[in-house]
């Protein structure tokens, strides 16, 4: 089956199954993550107490871990939930927000990767470079790295970690260590709204919850956000900006059909 | 006074008094809860540290407890705040989000009900069935239970717990153990947005903060959200979805008048 | 340079530098604060664990502390981050949300002011009166105080604390102890949306991150929000309310130009 067809099937499966996506995530964009999962057809649940994450992950089809606002309590919960997910065969999707900016973030990402071997890791180039042990200019949690060599980095790191690596930027790159897919959807304005990275990870998680083909899931999640960004931006009129754009972004994901998703994806793959 | 008239009065009183509604709630939908209270004319305050909840509840006209993202720290705060509320005669409104999904949620809901005897408990059918000791299919925090027998369950549980029970679903049911009110407002799209349940509870809380008639308050809060959902959905144009719907939901609550609320409510009562 | 010119320059500098604004803030309006910083051209980062705030503040151009939902863990982080900020010459902007409502808030605000001597303190009249040791009617976190004598209070407190004092209300007042600026932008509907106060503080923080002239920064941040409120309100059509208004508020900040900001500011200064 060609990848466009697989992406199409992926979205159909989400709409059919409404997979439950358990998140342990940051409090900045948590509401956006819940709404984006609902918009695409999944079912979000946020639970982060160590006393309940094991049970909750037992109902889940995927586990999204996002280190945007870490603390000692939630780090422990991420590990407990992640280990249970691995035991149950529930895919773990990691968003290493701001890794490299602080020791806490770097140590936590390293630990989560080592102990959980996430099925998918999605970050910007700065974050992925840190995970790959390369130098990268980190300024808070924003990416300043250029896109050059993204596919080399993604492929290399995917082999090294045994995880699918998804790097989002001007051109997005996904690799499982053998395949590489470049995606050219999206719009610059997505960077002007908080949480578009986190939401992309949640969309990847939702696709992972509907299909065992996590490589396709990562590609599909990224295209979904990129395409929704294009549609939302194209709808803006004079005087409108990121407030209206945000609302339309959810609208666009909500109205995305499997056919449009597969057809409008700007993919290049090896 | 007929119930429609009481509902009308309830909203007038909110607009006049702007009651302060103290929330200890989850971090997923907390912003939505604050804005919905403001939209209808109340005044929200969110404070969850055990060191300050006693004082804060002293200013409040109602206390909303929502167990959507529990942890040890906030459970303790809910109990402290709740006991103070009981002492002061401030009504307690409980939203047992996801009860039955995990032991932590079930134990916490049980404890809060036993120790605080909330004036109103609002949940979906799955959640209320768990509280009633009935079997229910729980999938994370979403309701999968059918609506059959809702009014029997609501009435029975209201008598058993001495609380007003409000079950939201396709048809909503409110009972205080003797009266039963069925409400047929709302739209299916409300289930596609996170926080519409939590916001309904906050609206119920706001009505409880304005009138001592908590049964009417529960009915009024539920109609408000249902009606706003209908109005917001009716306004959607081609290409719009949950992003625009959410904005319009707040618009619709903001523009709700006592007259419209009383007139458009689809009520059946015994 | 006249103040209008300085304001104009301030916004230009934000657009050029995209200063990183580190927030330790409440979980109610944190998403709004992140998006408003992005909307005006800054770069927000939220990090509140004591293990990482020292490093994060090292990347930041300003530190915003907001006590809206305090707890023991974040109070400690605010102090650690604040002391590091002072050491590095990073300006500290304090939003004493609800000070006076509870002992925890009053004690924390007092401690933060005493130990950190914030460059700017922004609150409503009730909050500032508490800091000034004057009586004020406090009802939760909402302001009930009248505006009379605002400039006297602002000036007096600015001298006493050595901080720039910004009081927002119908007429906003900013003083550094010698200068006083009155601002008449804004619209009453801003009070019907949660987080407009917090966002104003974040805007002040973003201006402080772009210029060392913190007095102008405080004035510019307040005008920005007031002006955006006016523009957003003027755009509302029949049936629209705070949901649409909120989206337009972000739109308006996003589209604000240095020229409009300087030109449309309704300023009176001594």
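The letters A, B and C name the chains in turn, as written, and every chain counts its residues from 1.
One rule holds for everything that comes next: a contact is a pair of C-beta atoms (placed from the backbone, for glycine too) under 8 Å apart; a residue touches a chain by one contact, two chains touch by 3 or more.
Predicted model only: the values in this text are computed from it and were never measured.
Copies subunit B and subunit C of the same sequence differ in orientation by 120 degrees, per CA superposition (steps of 5). Both copies, subunit A and subunit C, contribute mostly unmatched positions to the interface they share, with under half of the numbers common to the two. Between subunit A and subunit C, the centres computed from C-alpha atoms are 33 Å apart. Residues of subunit C in contact with two or more other chains: 27, 31, 246-247.
Contact residues on subunit A toward subunit B in their complex (touch as defined above): 20, 22, 27, 30-31, 34-35, 38-39, 43-49, 51-52, 55-56, 59-60, 73, 235, 246-255. Considering their complex, residues 26-29, 31-32, 68-72, 98, 101-105, 138-142, 192-195, 239-244, 246-247 of subunit B touch subunit A.
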